[in-house]
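Have a look at this one.
Naming follows writing order (A, B, C and D), and every chain is counted from residue 1.
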Amino acid sequence: MDVNRLNLGLIGAGRIGRLHAEHLAFRLHDARVFMVADVNEIAARQCAEQFNIAQVAKDYRAILENREIDAVLICSGSGSHAQIIEESADAGKHIFCEKPIGVRLDEIDRALAVVERAKVKLQIGFNRRFDANFARVRRAVAQGEIGEPHLLHIISRDPSPPPIEYYQFSGGLFLDTTIHDFDMARFLIGSEVNEIYCAALTRLDATISPARELDTAITLLKFDNGVIGTIDNSRQAVYGYDQRVEVFGSAGAISTNNNFPNTAQLSTASNIQRDLPLNFFMERYVESYLIELQAFIDAVKNDEPTPVNGYDGRVPVVMALAAQKSYGENRPVRLSEFDVK
Amino acid sequence: MDVNRLNLGLIGAGRIGRLHAEHLAFRLHDARVFMVADVNEIAARQCAEQFNIAQVAKDYRAILENREIDAVLICSGSGSHAQIIEESADAGKHIFCEKPIGVRLDEIDRALAVVERAKVKLQIGFNRRFDANFARVRRAVAQGEIGEPHLLHIISRDPSPPPIEYYQFSGGLFLDTTIHDFDMARFLIGSEVNEIYCAALTRLDATISPARELDTAITLLKFDNGVIGTIDNSRQAVYGYDQRVEVFGSAGAISTNNNFPNTAQLSTASNIQRDLPLNFFMERYVESYLIELQAFIDAVKNDEPTPVNGYDGRVPVVMALAAQKSYGENRPVRLSEFDVK
Amino acid sequence: MDVNRLNLGLIGAGRIGRLHAEHLAFRLHDARVFMVADVNEIAARQCAEQFNIAQVAKDYRAILENREIDAVLICSGSGSHAQIIEESADAGKHIFCEKPIGVRLDEIDRALAVVERAKVKLQIGFNRRFDANFARVRRAVAQGEIGEPHLLHIISRDPSPPPIEYYQFSGGLFLDTTIHDFDMARFLIGSEVNEIYCAALTRLDATISPARELDTAITLLKFDNGVIGTIDNSRQAVYGYDQRVEVFGSAGAISTNNNFPNTAQLSTASNIQRDLPLNFFMERYVESYLIELQAFIDAVKNDEPTPVNGYDGRVPVVMALAAQKSYGENRPVRLSEFDVK
Amino acid sequence: MDVNRLNLGLIGAGRIGRLHAEHLAFRLHDARVFMVADVNEIAARQCAEQFNIAQVAKDYRAILENREIDAVLICSGSGSHAQIIEESADAGKHIFCEKPIGVRLDEIDRALAVVERAKVKLQIGFNRRFDANFARVRRAVAQGEIGEPHLLHIISRDPSPPPIEYYQFSGGLFLDTTIHDFDMARFLIGSEVNEIYCAALTRLDATISPARELDTAITLLKFDNGVIGTIDNSRQAVYGYDQRVEVFGSAGAISTNNNFPNTAQLSTASNIQRDLPLNFFMERYVESYLIELQAFIDAVKNDEPTPVNGYDGRVPVVMALAAQKSYGENRPVRLSEFDVK
């Protein structure tokens, strides 16, 4: 391993894979993408050209077999994550894996066991932890600026639902979208959730959301430290990406607003207005993707723990499964119901 | 009835009774308090002196028997409301009653039956409906400014818990405090709630909250029109009275902030700050108390329906009972479980 | 003098006179209007009926001659203020006079001399000092929350120009409108202005502002304590009454925003918006009118100095004259140029 | 000229020079710094190492003589700008020059004449035009969102004064700091200023500002199109970099707030607060530096006019000289007094 310049293998050249590739090409200086692999070979090739990546493969195993590659970035479909983690660990590669770590608990637990045995680093892509707003809220909670936390609210609404073909791989609202919020809940409060109750609906009409999946939900969380909280999700906020949190405690409260493209306020004969917030995660969270990747690179180079480990990847999946079950059975579900070991 | 100057009888000379008396003495011109009754005769006498009330009684029945009195304001303890409504209706008086309309469903239903038979007006004191912020949100929802409503959030936190002696009459968090929010939920969404799930705790320590009652709660509501919503309650927000709502819909969202004593923003070497919000309901909602009373006076004078009728008083009590039950049994409770008729 | 109920004579039954009458009728309990006088006798009579005023006169001298009247409220046209102050003082009445104290320095100085000789109270109606926002800014400056003040900005824009017939009595932009800001400048900074430079224009078109008077101005002020500041005036802010200040100092800054009818924020597919601010002085400053009048009543009853005295009335007139001169000659004008004594 | 990769020569390896070098090294892909020159050779060498610059020189003439270099970035002291522009144009290099274009009108006019004769591009580094906030305000004005502009306010306060050694090269407050605001004023209003009046003081004490230069100023501007405006400057805003503008017009107003490191709002028992704004130009305006440089590269590559040309560089210098003269003579100064041609 050349600690001056880590060699990474990128698995998956979709939207998020290309974002990491761009950051590594232009904004991060102590690592680079050495090979990119995608079943869609044309996508892999275009990505390589655009971001100066030396080698291209169709099969990600080419990356695992390459001795020059120190670590992999798993940006493939959610269904393949656990399997690729397992193989990557077996190949001795350090691993950065997009969320979710997997879609079934058995495959996750098998993958985590291999990671542990192989003694490789594993970081899960919960990038929002590295966002300036949420990091500030976490700091307030951790440093006692609001005293003991009592109540939590997370608002997490997308500007518009994904294309219909996306749904077949997404695992649904809870595993695809709310999973970020489950991680955020644990991160902000610093305690584990033990019970979940979820109310959810399909509110968008079929022209907007042809898959007729759940698109609107409120999930109620109970934490070990007594905090109770909610997560509010919608697939379509017409005014744009709505990403806010509030934590209330014995000594005060802290809340965040959305991020906007500018601060201008326009006063007209009709109203006082401002432009809509930054529209989606590629704009809103762009800096957080950069910071999380740097954190992974640092952890590998310095042989230190990653800031979001395999356990942090597993728990939100359990929470998503509990939310699904709670919705299906309309009752509060304890996370211990999933302790099958 | 002298339509130029309605004669009111005030039952209960506590904090809220005196507020109404003050408004009637100085700010409302087409009604006056003609007699005040309170079991604490000293309180009644002081109130009469302060607000130019002609007659004083210890027993509220003196009011009911007085032919010159057109209507009563019931501001006594919650436990006596239903009984006094019944007697007042029997005596042919129009009735303005503070919330809650009663604490048991049987007494409420009996009272409502008498009111209906007596053909007197009845208005329940859900004053927040008349607050400029919430009225604006209701208008946005009713006029379709946010399209079809999907999600609702109510934040309703008191600055500090009541004195311990208050609790024995209050009926607890749900009947005393959340009941305002139950009414607000129905008012804002314009649809009935059919199911409630509630998580609640005692988080304040015994020095602040010696009664050890529930002081922190999140209540999840499901409405007939598909909206899902939450109510967030705390007995102690150290930064002051926190009263906000947000409604999210298919075409946008509307939310309100707290009211502040001034708009000044102070920038220092440490931070950018503003003064704390208006501290409690006597300041925050003072105008809404005035407007609701005027609405009652208008309804009586013009023989029109009151804006918050007996049914509007009954439903939030059912919701409070459902929340209590949900908390006790840790399961979602349908309001139909209380349809005992 | 009955200290329990001061008897006031109201001179002028126009908009501002009626506002004071309403406050005295319904919201202030230790004074009342005993007689109202207006050259327009119908206006006087209507005012008396509406606000329960016992006596009506056409000639204000009837008020001055009435032994039962303790104090006068001068709400007549600006041109008559100084003369009526003089006569009122001669008649031994305490005086509350709307701004400006007069329109020529000689008449003002003569009136002030009579007031001093007669030892009556005189308060000038600079009501904005009693507004919660500006009072908060003054407190910050006075208590050193922003350190030594260095810079001041006052934004003071009307929603729309007055009717053309108003102008003939108004004395123009500086004596009619900016005079409030001149007072505010002295009040906030707590130091005297020694030099003024003014740039002004007629920007509104003739359909909106047929008098073709100055309607847009920036006035630069230099204070004895080294502060420099600006006043920004417009006769027409289409979004409503715009009344803001900012004071910057060695340890920070404090600024105020407008007041709004509600705090609701509406997010739509186009923008994030809120309703327009409270529209004009009758809504925006209503509480300040009440507080200033109470302060006058208290000063009379307790024989204490009024919070805005004759000198405070005179200085802003000098400032307005200096601004006019500066505009006319396009040069900075020292206030000492008006020290003709 | 290789239009795929422009070769730039960087003259001056100080703070701003290094910022451009960093952007060119990592974030701009169609140009690079080929040589860096600085009289301080160690600084030049460090800069070259840090940002992968091939060649280093002590004398900037090495850059002008190098045939491979297409354009220069002049980031040296203000006093040398005009001279280096002249020599660079003579050498046929395109020129990006930090503000000010020069410190004396004669040298500026001579330089501009050479630029015109040599037909090279010249762009002046008024980066704030490319800031998202100010660009939004300009768009509102240009597109008529606020109607005809009437009034302008620019707040431009530094967090702390520069080190004393900086002053000897800076040219003083007007040429060093206000010059940005003079450019902003012309840019936002889209009209030329014809007269300036300036009030200024030294308010900071000698421990903070040992040079005893002017540190606090208000400059009043009159524009050809009738707009009047102010610029508010301070060398020390203890709460951080304060950069706001407001334009008021016949159909509304637009204003901007500062930029903050996060949106978190903290409510405590004392107040409602947020963190201080981004502290100085390297953070606040970092994106604008990137965008202006890209605009220069595009103009060179596509042989199009630069967005901020030599004339745009000259006018703010005249304005600064007028402000100096106005302050010195305490009178409004017309810019035509400087038309010496």
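Side notes on the structure shown:
Keep in mind that, in the parts below, contacts are C-beta pairs under 8 Å (C-beta built on N, C-alpha and C of every residue); 3 or more make two chains touch, one makes a residue touch a chain.
Note that the structure is a prediction, hence the values are computed from the model and not measured.
Centroid distances from chain D, each centroid being the mean of CA atoms, peak for B. For the pairs A-D and A-C, the count of C-beta pairs in contact is higher at A-D. Mean C-alpha positions place chain A and chain C at a centre distance of 59 Å. Chain centres here are Cα averages; for chain C and chain D they lie 43 Å apart. Inter-chain centre distance (chain A to chain D, centres taken as mean C-alpha positions): 40 Å. Within chain A, the positions touching two or more other chains are listed as 237-239, 242, 251-253, 267-269, 275. Chain A makes touch with chain C in their complex at residues 237-239, 242, 267-277.
Chain A contributes residues 26-27, 29, 132-133, 135-137, 140, 145-146, 251-259, 261-269, 275 to its touches with chain D in the complex. Interface residues of chain B facing chain A in the complex, by the touch rule stated above, are 147-148, 150-151, 153, 157, 197, 199-201, 203-204, 216-218, 220, 222, 226, 228-230, 232, 234, 236-239, 242, 248, 250-253, 330-332.
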